[in-house]
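The following blocks contain the structures, represented as C-alpha cells.
Consider the two complexes below, in which chain A is the common component and chain B and chain C are the respective partners.
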Partner chain A sequence: MGKTSGGRAILPAQSLQTLIDVVHSQGYRLIGPTLEDNAIVYDDLENVENLPLGISDRQSPGNYRLEDDPSAGYFAHVVGPHSWKRFLFPAAQKLWSATRVDQGFSIQTPEDETKLAFIGVRACEIKALQMQDRVFSQGPFTDNGYGEKRQNCLIIAVNCSRAADTCFCSSMDAGPRVTEGFDLALTELQQGRHDFLIETGSANGEALLKELVTRKAEDQDFAEADAQLAATEASIQRRMPSNIPEVLERHLQDEHWQTIESRCLNCSNCTLVCPTCFCSTVEDTTDLTGQHAERWRYWDSCFNTDFSYIHGGSIRQSGAARYRQWITHKLSYWHKQFGTSGCTGCGRCITWCPVGIDITEEAATFCEIDKRS
Partner chain B sequence: MSSRKPTSKPKLAVWKFSSCDGCQLSLLDCEDELLTVADSVEIAYFLEATRAQVKGPYDISLVEGSISTPEEEKRILKVRKQSRLLITIGACATSGGIQALRNFKNVDDFIDIVYAHPQFIDTLSETRPVSDYVSVDFELHGCPINKYQLLELLNATLNRRKPNIPNHSQCVECKRAGTVCVMVSQGKACLGPVVQAGCGNLCPSHDRGCYGCFGPKETPNTISLADWFSDRQSMPKRDLKHLFRGFTAGSDAFRKESERHE
Partner chain C sequence: MKTSQDPMTPNLFQVQRIRRELADTFTLELTAESNNEFPFLPGQFNMIYLFGSGEVPISISGDPAQPNRLIHTIRAVGSVTEGLKSCKSGDMLGIRGPFGSAWPVEQATGQDIVIITGGIGLAPLRPAIYHLLANRQRYGKIVILYGARTPADILFRKELERWRSRFDISVEVTVDQAVSNWSGRVGVVPKLINRADFAPEETTALICGPEIMMRFSVKALQERGVKEDHIYVSMERNMKCAIGFCGHCQLGSQFVCKDGPVFPYSQISSAFRIREL
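Right after this comes the complex of A and B.
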C-alpha cells in the first residue's frame, strides 16, 4: 500500500452499502465504527446501518460523550476508546497449547486465516499501524501472526471532517489528511449533498473501486475535500512541542514527576487505549491433571508493578517512575529504538484517563521547566 | 505426625470463619471442573460439601471468613498449625468483609441495638482479616471470589507453579475485554482504577461502576480518584465515604480513604 495511486471517484452516500458488500464478497471480515455502550467502538459491520450516522462525539480530558447531530455523516465522530491494534495484536491470544503424550508432549498452535478489512481508519491510526509494524514485523524478531494478519489487511481510510478537543495529530505529523498506507481513502462530503470522494492507494484499492458504480470526481469535489481538511486542521487546539524528546531527557529527576504521581492512578488506561503501545505479558497455565498446558499472551502495561518485576522486586515502584517510563519511552526513547516518536496525537490517553491527565499539558510543563533551567 | 496415611493426593481442607459461605460455594460452583478437583486432591475437611472429616495435617487449607470472635481467634491458630499452605479466600478473610463496617463504630452500641440479650454475645471489638493473626501463603480477593481464579490457584499449587493472579487495576480487565469505561463515557462513579482485577469486569460490562468487591489493587491512588469525584462530579462527602465503605471497607487503603471523608 503506497501513496494515492491515482484512482479517484465519487460514490453517493446512498451507495455506501455496495462498498460493504464488495468487501464482504471478497471474503473479508469487515470491522468498523459502530455505536455500542455509549461510545463509538470498532466491531463487525454487517451493513451500512451499523455505522454511526448522525452521531458525533465530544471529548475532553477524562470525558467522552456522544450526541445526536442530524447533520453528522457516517464518520463525523473522531477516534474512540478502541483502536485497531485489538484485531492485529489481540488483548488475549493463545500462542500454543501442549498435551502430554507417551514420551514428552505435543504442541498445537492455533491457526487463524481470517482476512481483516478495516473501514473508517484515520490518518493517525494508519501512522499507529505503521509504528506497530515496525515493532512486530520489522525488527530482528518478528511476530508472524501479526505480520500475516497485517499483510492481508484491507485498509479503508477516512479523512477527518472534524477534530476532537483532544486531537493533536497535526503536531505529530500524523494527520488529519490520510496520505499513505491505505487501499481506499474516503472523504465524506456533505455541502448540499452526501457523497464520498474515494481515492485509491493500492492495486487492491483500484480493483475494489472498479467493482463500484461511481461517477467521475470533479475539481469542485477536490476543492470541497481540501477545504474540509484545512478546516479540520485549523480547529486542532492541542499540540506537542517539537523539542519534547530532548526536553524530557534533560529533566528526569525534576520534582514535577511527583506532582504527576499525586494525580496518576497508575491504572494503565492510557497505555491500553494507546494505538501504539505494544507491551504484553506471557502466562503459562496448566490444568488440574497436569496433562494439558497453554501459553497465552495478554496486553500488559508499564503502569503495572509486575511489568518491571525482576529478581528481588519491581524496579519501578513509584507512580512517578512508572509515568516517567511511559512518557519518556513514548516521546523520547522511541526515536532511538524505532526512528520515530511513539505518539500519533490521537488524544486517546487524554480522553480515557479517568482523572484527565493530559500528555500535551505535561509536555508543555516540562518545556516551561526547561526554559527556566 | 505418624498417624498420616500414605496417600499420593494432597489433602485439602476448607475452613469457615465469619462469612456468608459464598466463597466456599465457589468451589462447589466449579461444576465442570469439580470432579477433576475431587480427583486431584483428597477433600479432607469441607463441611459445606461433606460430613466426612479426615484428620490433619493438611497440604492446602482454604480459609473463608474474617476473625470476629475470641473463639475464631484461637481456632485460626490451630488451622495454621495443621496446614502446610494456608490460602485465604474472599473479602472477609482478606480484608475483614462487609462486617468490618462495625470497625468504624463501637461494637457494643450495635450489640445493644441488635440483640435482645446482649450478654450472650461474645465478640471482638473489631473484625479483622486472617493475615492479622497468622501468616498467610496467598490471599485470593473477591466478594465472592472468582471460581476461575480459585481453579487457577489450585492448578498452580498442585503443579508447583506461580499462579496467574494479577494485582493490577480493574481497568486492565475492562480494556482487555473492550468494555467502554463507564466513568469517562457516562460520568459514573467507578472504583475500577483503584481496585484489583479479577471479577471478569462484571459491573462495568453491565453498565455500572465498580463497587470494589476485589479490594484495593497494588499501589492504589485513592486520593486522586476521590478528588476527581469530588471536584469534577461534585460528589458529596457522605457519598464518597460510602463509596469506599463497601465489601472491602476493612482494607487499609479503603478504610483510610473513607476516613478522609468523615
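Right after this comes the complex of A and C.
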C-alpha cells in the first residue's frame, strides 16, 4: 500500500452499499464504525445501515457524548473507545494449546485464515497501525498472528470532516489527511449533495474501484475535499510540543510526577484505549484432568503494579513511576525504540481518562518546568 | 499446524538429568526432542515452559562449546521455579530461545577480565568462564570475585575450587555471614575489587548479581579507573515474551530481553541512578 496511486472517482453516498458488497464478495470480514451503548465502536458491518449516519460526537477530557445531528454524514464522528488493534492484536488471544502424550506433550497452534477489511480508518489510525507494525512485524521477530492478518488486511480510510476537541494529530504528523498506508480513501462531501470522493492507494484499491459504478472526479470535488480538510485541521486546538521527547527525559525526577500521581487513578483506561499500546501478559492454564494446557495472551498495562514484578517486589511501586513510564514510553523512549513517537494524537486517552488527565497539558507543564530550569 | 515456527511457540526438550546444587538451587540437563544441537552465546537465556504452570526466563549455564546439551541452573523462588525443581529425568519442558545479548568475550580479547558475581548470578556467567578458560591464552589476567550469603550458599563450589587451584586465574570467594568452620573472607563482593590484581585501563568487567551489588561494584570499578563502556552488567526484569512484544522488560528506552540482558554500563547507567525506572 503506497501513496495515492492515481485512481480517483466519485461514488454517490446512496451507492455506499455497493462498496460494502464488493468487499464482502471478495471474502473479507468487513469491520467498521457502528453504534452500540451510546458509543461508536468497531464491529462487523453487514449493511450500510450499520454505519452511524446522522450521529456526531462531543469529546472533552473525561467526557464522551453522542449527538443526533441531521446534517452529519456516515463518518462525521471522530475516534471512539475502540481502535483497530483489537482485531490484529486481540485483547484475549489463545496462542497455543498443549496436550499430554505418553512421555511429554504436543503443541497445537490455532489457525485463523480470516481476511479482515476495515472501513472508516482515519489518518491517525493508519499511523497507529504502522506503529504496531514496527513492534510486531518489523523487529527481529514477527508475531505470526499479527503479521499475516495485517498483511492481508484491506484498509478503507476516511479523511476527517471534523476534529474532536481532544484531537491533536496535526502536531504529531499523523493527520487529519490520509496520505499513505491505505487501499481506498474516502472523503465524504456534503455541500448540497452527499457523495464520496474515492482515491486509491494500492493495486488492491484500484481493482476494488473498478468494481464500483462511479463517475469521474472533477476539480470542484477536489477543491471541496481540500477545503474541508483544511477546515478540520484549522479547528484542532490541542498540540504536542515538538521538543517533548528530550524534555521528559530531562525531568524524570521532577516533583510534578507526584502531582500527577495524586490525580491518577491507575485505572489503565488510557493504555487500553490507546491504539499503539502493545503490552501484554500471558496466562498458562490446565483443565481439570491436567491433560490439556493452554497459553493465552491478554492486553496488559504499565499501570498495573504486577506489570514490573520480579521476585522480591515490583520495580514501579508508586503511581508516579507508572504514569512516568506511560508518558515517557509514548513520547520519548518510543523514538529510540522504533524511530517514531508512540503517540498519534488521537486524543482517546484524554477522553477516556475518568479524571480528565490530558497528555498535552502534562506535556506542556513539563515544557514549562524545562524552561524554568 | 503452522509450518513457519512461531516465536511464541516452545520447542520440546527432555530432562536428562537433574542435579541438586544447593538447598534451593538445581541444574537441569536437557536435550532437544528433535536431537538438534542448541548453539548459544555466553550470557543468553531461554524461556522455560513447565506444562500448564508457566514460563520463566532462565540463563544458560552450560558450556557454549558443548551445544548438544542444554544446561540451566535455577533457584526455586516461586511457582514455576518450584515446579521445575520437582522435574524428573524423562520429563518434557518447552524451550524458546536462545534470546538476548551476550557477554563480550570476543571484544575483550587481549584484556584483563574481572568477573564479579553473587548468589545465583554465577550461573549466567559460567558459560563465559568456560569460554575464557578454553581460550586462556587470548586474555590477560582473569579474576573471579564471588559472594554468597553463607558458605552453604556457594554455588558450583567444586568448580570454584578447581578454578582456584589453577595458576592462571585468581578466584576470591566471600560470604556475608561466616560460620565457625569458614576460614575464607567475610564481607560483600564489591569490597574485593579494591585489592584485586588487574590493570584498570586494560580491563573488561562482567557483573551479574543483585542490583545493589552491581551498583556498588560499578562504583568500585570506576574508582579504580575501569572505563564505563568496559563494564558489563546483566539486568533482570519481568519478562513475558523475550522477543520485544510484551513490553514488560522495559528499562528506560531499552528492552532487557532483546537489547540486553547484558548491557555495557554506559548504555543503562540511568537505570542505576533513577529509582523505579
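Operating definition for what follows: the second predicted complex is superposed on the first by the 373 of 373 C-alpha atoms of A that agree within 3 Å, B and C clash if a C-alpha of one lies under 4 Å from a C-alpha of the other, contacts with A are read in each partner's own complex, and residues count from 1 in each chain.
The criterion applied here is as follows: a contact is a pair of C-beta atoms (placed from the backbone, for glycine too) under 8 Å apart; a residue touches a chain by one contact, two chains touch by 3 or more.
Computed from a predicted model, the values in this text were never measured in an experiment.
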Following superposition onto chain A, is the placement of chain B relative to chain C best described as a clash or a fit?
fit
For A:Ser268, select first, second, both or neither according to whether it touches chain B, chain C, the two together, or no partner.
first
Expressed to the nearest 10°, the angle that the Cα centres of chain B and chain C make at the Cα centre of chain A is 70
Partner chain in contact with A:Gln220 - chain B first, chain C second, else both or neither
neither
Quick one: classify A:Trp96 as touching chain B (first), chain C (second), both or neither.
second
In the overlay, answer first, second, both or neither for which of chain B and chain C A:Thr285 touches.
both
When the two structures are overlaid on chain A, which partner does A:Asp37 contact: first (chain B), second (chain C), both, or neither?
first
Let me test your reading of the model: by the given contact rule, A:Pro354 touches which partner, first (chain B), second (chain C), both or neither?
first
Per the contact definition in the header, classify A:Thr259: touching chain B only (first), chain C only (second), both, or neither.
neither
Across the superposed arrangement, the tightest C-alpha approach of chain B to chain C, in Å, is 5
Looking at chain A, which of its residues have contacts with both chain B and chain C?
284-286, 290, 317
In their shared complex, at which residues does chain A touch chain C?
95-96, 98, 100, 103-109, 111, 135-136, 139-144, 252-253, 278-282, 284-286, 290, 293, 295, 297, 300, 302, 307-311, 315-318, 320-321, 325, 329, 332-333, 336-337
Counting only contacts in the complex, chain C reaches chain A at residues 1-2, 4, 6-10, 12, 14, 33, 49, 51-55, 77-78, 90-92, 94, 236-238, 240-241, 243-248, 250, 252-253, 255, 258, 270, 274-277
Provide the residue numbers of chain A that touch chain B in the complex, in ascending order.
36-39, 41, 62-66, 81-82, 86, 91-92, 262-269, 272-273, 283-290, 298-299, 301, 303-306, 317, 319, 351-352, 354-356
Interfacial residue positions of chain B with respect to chain A in the complex:
33, 36-37, 39-40, 151-152, 154-156, 158-159, 161, 164, 166-169, 171-172, 175-181, 183-187, 190, 192-194, 207, 218-221, 223-225, 227-228, 232
